[in-house]
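Multiple structures follow.
The following pair of complexes shares a single chain, chain A, combined with chain B in the former and chain C in the latter.
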Partner chain A sequence: MSAKKLGLREKYSKMTRDLSWEPSYQPMEKIYPQTEMEGLKIEDWDKWEDPFRLTMDAYWKYQAEKERKLYAIIEAFAQNNGQLNVTDARYINALKLFLNGVSPLEYAAHRGFAMAGRQLPGVGAQVACQMQSVDELRHVQTQVHTISHYNKYFNGLDDFRHKHDNVWYLSVPKSFFDDAMTAGPFEFITAISFSFEYVLTNLLFMPFMSGAAYNGDMATVTFGFSAQSDEARHMTLGLEVIKFMLEQHPDNVPIVQRWIDKWFWRGYRLLSLVSMMMDYMLPKKVMSWKEAWEMYFVQNGGALFEDLARYGIRMPKYWEQTVAGMDHLSHQTWNTFYTHNHAAAFHTWMPEEDEMQWLASKYPESFDKYYRPRWEHYKKLEEEGKDFSNPSLPMLCQTCQIPMFYTEADDPTTISYRVSEYKGDKYHTCSDGCKDIFDHEPEKYIQAWLPVHQIFQGNCGGGSLEEVLDWYRLNQGVENVKYHLSEDFSNWKKWKGLDPETESDDEPRQVSNG
Partner chain B sequence: MQIDIKTADVTPLRQTFKHVQERIGDNKPASRYQEATIALQPEANFHYRPYWDSANELYDKNRTAIVMEDWYAFRDPRQFYYGSWTIARAKQQDSTERNFSFVEQRDLLSLMSDEWRQVVADVLLPLRHVEYGANLNNYYVTSYGYGAAITQLTAFAGMDRLGIAQYLSRIGLILDGNTGELLNQAKEDWLQAERWQSLRRLMEDLLVVEDWFELLVAQTLVLDGLLYPLVYERMDKAVSENGGSSLAMLTEFMSEWFGESKRWVDATLKTAAQESEANREQLQSWINHWLPKVEAALLPVAERVFESEAEDVLEELKTELSVRLKKKCTLELS
Partner chain C sequence: MRQASINDYQGVAKDAQENFHGNQLVYIGWDKHLIFCAPICVPLPPDAPFEVIVKEILPAAYGLHPDFEHIDWSHVEWTVDQISHIPDMHKSLSQNGVGHKSVIRFVTPGLNGIGGVAA
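Right, the complex of A and B next:
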């Protein structure tokens, strides 16, 4: 034959985009009904650059190698009672937050990328989204399998599916993904692939996985390493999709900018859960929230947005407020969970003196001035056997669904709240960022299943706190108490051979920080 | 910190997660498949109606006419979750790779007569577009279906179909010495040649089916249930008898895949059919609706291989499918 042989790139093209065809028996808009709904203009899908060229045979080969290794380590971990090697049973609470709050998001990502992989009309984008979809299924399943062993020995992990759908603070991560998935395919992929995976993943995934490494959790850190190459692929997809949309038509720029603004702020609010995990829940700290935000958002994110400036894209709106808030975010969040521990499926505690010193050194502007006195007060109450707890129901932000406890960016003594009026009703939001998001799509956000409103409307089991907690299926007295009163703590002492009889109740954590 | 685990008394507090325990019974250890599957999909308190389907919730049982008391009544007989699926495929991929290099190194496809090489190129290569359509259809089910027990299977199957489309493309590249000319011709045929138009119309019609369970039945039971035996059993056999036995080495993945995949398809249909008379009637009516269309679409393709015997071959395949349906799914073929 005289024709020229195909190069690698052309060969890959034969394996993917050449598989599709221009339909003639059914109209394109019926096969891909979501293409135009978001107002985005795509002129040429052939301009899509495949961010990674992976055929299925290679995919199976690489992924199976990783799975074999991972499961071998999980098995060995279980066999050797590896859970006893973590720094301290307080660490398990980070896993509780992860399994109840984050793993279900991996499932949501699996379904969301399946939808994008079916609805985006270019094969290159379809294949990338479908691969990510099945990767995300991998992540939720391997996380469940990894944490399954911990679930056999610790409380607060065994009902993560029910809790994710029902418990108040888990509506924060849940509504985040519900929001992205109920949008169109382009907004979804901007929200998750770009704003979340590309800009913020180092602030979600990294702290949990590094936290595992620092705290002797071999099983979870192995999962983390195993998922790293998947994450790298997902991040390249995030950047490609942004550049593709921006290069296709100048009219796309303001739409994409608004999505970036929205999803940056949504993501930042979601990360408040991570901030308290980093600063308070890890017995052995990796870095402070403030250091992480400076490194991964201010520096790395700043460089990224400089690079995107040539497309007419600027830094996400209100990013300055996140910098102003760095000194307060984790402390205010932890305070809320500590005072509402009775309604949470994990344990809280007050930091030890050495941890207070660490916090003071990481937050010289704020910790000793605003938070240490409060913590010392709580500790005193604990010592008197009168643990402080707040039985009232907080007002929630209509957008991010976090209780309205954040303070104004320029004044840590004033609670920040904003009000919008829509069709004669008032809606409250926690910040300028959340208010903007509400005001742009009020019809969407008035639908929010706000946990506190739902309780008051009688949709959560009854009128008393106890009935609501039963409806949450919180194992009361076991899952929802302060750490020093918990079964996790007494079991830990038993398993580690630290005689519980000789431990007095008011000095419970002499065993920690090993 | 060193710990002496010999002295540590570590009795588990529980065997598995609540949503798993509720379905498998108290104090039973759960399998990896069960923990990775049962109740994994969100079920309640969705926040916003989708912009793309404001009549339904984000996850909604009403996107199909099939009604189930429990969407986790479905069980995959292969017990696939991501890990077991990808490890199974990697093994098959490994032997497929060896088969491809064996055939390529010895140039075994050249042993076929030109006439039969042409048959293979004419029939096999346009099917990569069918595989791509099947990929999208499976992903439609994963997107809008209800319950992880089914939707994860179509995610795996969707990726499998992309893999098969890629294996078919490689066969085309072996046949034409890596120029892509045969694949271009095959695409031209798919778009224009009379032989392929009813099948292409069928694929495009499937791409707009709204009820995800109907699509599952039409694609994975009716279409695949006739197409795979036609191509990867009957045609492979005919090609083998005509000097092309090496082709079977290149399509081994496909025939193995079908033998394995029909097990979950059968189990899924059987569970749905046994749930209620209404489900059974609905499934039956979908089968009756799609079967004649599939038959008509496959006939011209079969004729390219079996000429005047094509109708008889399809009749036999229909009988086999009917036996399979009755035995494995408790359903009938009209």
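Right, the complex of A and C next:
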């Protein structure tokens, strides 16, 4: 007699909730010490709702189907030399930022959710974390596979793992996840699933994907779509965990609020990279950073926090400063990379006149007044063959690790300096948000691996810039030059027949990487 | 709570002065000159005279700015760790109150960057 098939509800119950057991050799608090340390009060784990009711067998089936579609498309993309259909080779630099800065975060998220799944006592939460952990591993793989095709033709894409772990500006995304992973499991999920994926995802993932669509990069669009249905599940987990914590005990409210404040601010700082990508790196613009922040954070985020008000949760602290900063963020970030291009693994450039006009129209309060004069100064120097590079190493924020380039919310001509004293030493931060984060857990942030300080301690290959860049495995003179001087640019002109002085090759030649 | 942890956790300060081979870190910012996007970080011996900053560090760091050659050093306004300070150029950084990870800022009256808009 064949066994009776389980109904959906029964199957779900058997393959999730029924997988747990009551420990008898050890007390719960010794098996799950991390939940205790966070100070939350959880009275009933059964109140955890699984928004998707997905079991592992169904999960594998869905994911396999997505993989088949994705790999069929990227194979066709490669065979048709899809890399030649992007709007302009400048676009590839957005991919360099993505692969070196964001894809390794998917891997970090994979590790983080595996850890959170182990640390949370409730089985519903454990299963959700397990699936997300596998999702994140799939995302990093599909991104690496997709972008590997571009790696054959463009520089700066061949060593993302080493660069992510070592290069100065990549310590910003890296330390963001290190901070989240070294917190407890609830803070980790609040940081990644709620603050990052729920509140800010439309400002991280979507600008890269719609930027890809606008700029003819169908390969990237495809992995974006392939990840999107997973992201929807992650966002739901993010909101679920927030509601669960808030409904369990009123004493949890201030703890959750502090995590929201912290991770909103850390996420906002990280999004500086996205702001410059949107306003400067996309040859064909989707929308300005300011428009995106107004739509996705001020309006949509505002509505979300109105919903959460019934739990006693308010808008993240210092959100008003992010609104004041909308007119300046992307320009100040691009200024930093343009003037430090010699130490970066992607190309920068000055916008063309039509792009300057676009920027002036999107930023009528700030662009012509504060930033056009800088860009015109740099352009003049370029014409004289004396491209401007900053010869010094910058002071970094102890919390976000970003050079201290942010200006005061009410004065775009004055750098924002904040300082704390802890155990007799000074610690400098770039903003009230980063100072609050430092002051709450100084014992954590005094250990920050700040790239500039590490160079001066002698831990980065040597004392000269060349030695440090070698240690970064940065292909000097190739990866770290302004776009107009780059091999990417000269190759592009050849492949597209844009340069009358060189003959156009029939076949795009691959570059020799690494 | 100095750090959420499962036991009494003590961190190790990564940037203690003894890790810098006899130097201390000094941060320097030139107000209203933001083509230099952020203040700079330089390692200097604590007994170096303050004039090393004016004679060596600043020309190397900021000499590319068109305002730099017009600076009238007798009118420059200095702060050390947010307190206004008249440096004694021949005395050491320590004697001028500049410690490990101190911030020195200077204002050059009448020179406010390219186009006068802090560039």
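Throughout what follows, the second predicted complex is superposed on the first by the 489 of 514 C-alpha atoms of A that agree within 3 Å, B and C clash if a C-alpha of one lies under 4 Å from a C-alpha of the other, contacts with A are read in each partner's own complex, and residues count from 1 in each chain.
The rule is short, and it goes like this: a contact is a pair of C-beta atoms (placed from the backbone, for glycine too) under 8 Å apart; a residue touches a chain by one contact, two chains touch by 3 or more.
Remember, predicted model here, so these are calculated numbers, not experimental data.
S.K.: In the superposed arrangement, does A:329 touch chain B (first), chain C (second), both or neither?
M.R.: neither
S.K.: For the overlaid complexes, name the partner, chain B or chain C, with more touching residues on chain A.
M.R.: With both complexes superposed on chain A, more residues of chain A are touched by B.
S.K.: Between chain B (first) and chain C (second), which does A:415 come into contact with in this model arrangement: first, second, both, or neither?
M.R.: Once the two structures are laid over each other on A, A:415 reaches chain C alone.
S.K.: Let me test your reading of the model: by the given contact rule, A:11 touches which partner, first (chain B), second (chain C), both or neither?
M.R.: The answer is first: A:11 touches chain B but not chain C.
S.K.: One more residue to check, A:204. First (chain B), second (chain C), both or neither?
M.R.: neither
S.K.: Touching A:34, do we find chain B (first), chain C (second), both, or neither?
M.R.: A:34 contacts both chain B and chain C.
S.K.: Output check: A:392 vs chain B and chain C. Expected answer is one of first, second, both, neither. What do you get?
M.R.: second
S.K.: On the A-aligned overlay, A:174 touches which partner chain: chain B = first, chain C = second, or both, or neither?
M.R.: first
S.K.: Determine, under the contact definition given at the top, whether A:444 touches first (chain B), second (chain C), both, or neither.
M.R.: both
S.K.: Let me test your reading of the model: by the given contact rule, A:404 touches which partner, first (chain B), second (chain C), both or neither?
M.R.: A:404 sits against chain C, while chain B stays out of touch.
S.K.: Share the list of chain A residues that count as touching for chain B in one structure and for chain C in the other.
M.R.: 33-34, 37, 183-184, 444, 447-449
S.K.: Which residues of chain A touch chain C once you look at their complex with the stated criterion?
M.R.: 33-34, 36-39, 183-184, 187, 332, 335-336, 339-340, 369-370, 373-374, 377-378, 388, 390-396, 403-405, 407, 412-415, 417, 419, 423, 425-428, 440-444, 446-450, 452-453, 456-458
S.K.: In the complex formed with chain B, which residues of chain A make contact?
M.R.: Residues 1, 3-6, 10-11, 14-15, 18-26, 30-31, 33-34, 37, 55-57, 59-61, 63-65, 67-68, 70-71, 80-81, 84-85, 87, 104, 107-108, 110-111, 114-115, 117-119, 123, 126-127, 130-131, 133-134, 137-138, 140-142, 144-145, 148, 151-155, 157-162, 164-166, 171, 174-175, 178-179, 181-184, 444-445, 447-449, 454, 473, 491, 494-497, 514 of chain A touch chain B in their complex.
S.K.: Considering only the defined contacts, which chain C positions touch chain A in the complex?
M.R.: The contact residues of chain C facing chain A are 1-6, 9-16, 19-21, 23, 25, 27, 29, 31-32, 34-43, 60-61, 64, 81-82, 99-103, 105, 112-115, 117-119.
S.K.: Which of the residues in chain B come into contact with chain A in the complex?
M.R.: Chain B reaches chain A through residues 1, 3-5, 7-10, 12-19, 32, 35-36, 39-52, 58-59, 81-83, 86-87, 89-91, 93-94, 96-97, 128-129, 131-132, 135-136, 139-140, 142-144, 148, 151-152, 155-156, 158-160, 162-163, 165-167, 169-170, 172-173, 176-181, 183, 187, 190-191, 200-201, 204-205, 207-208.
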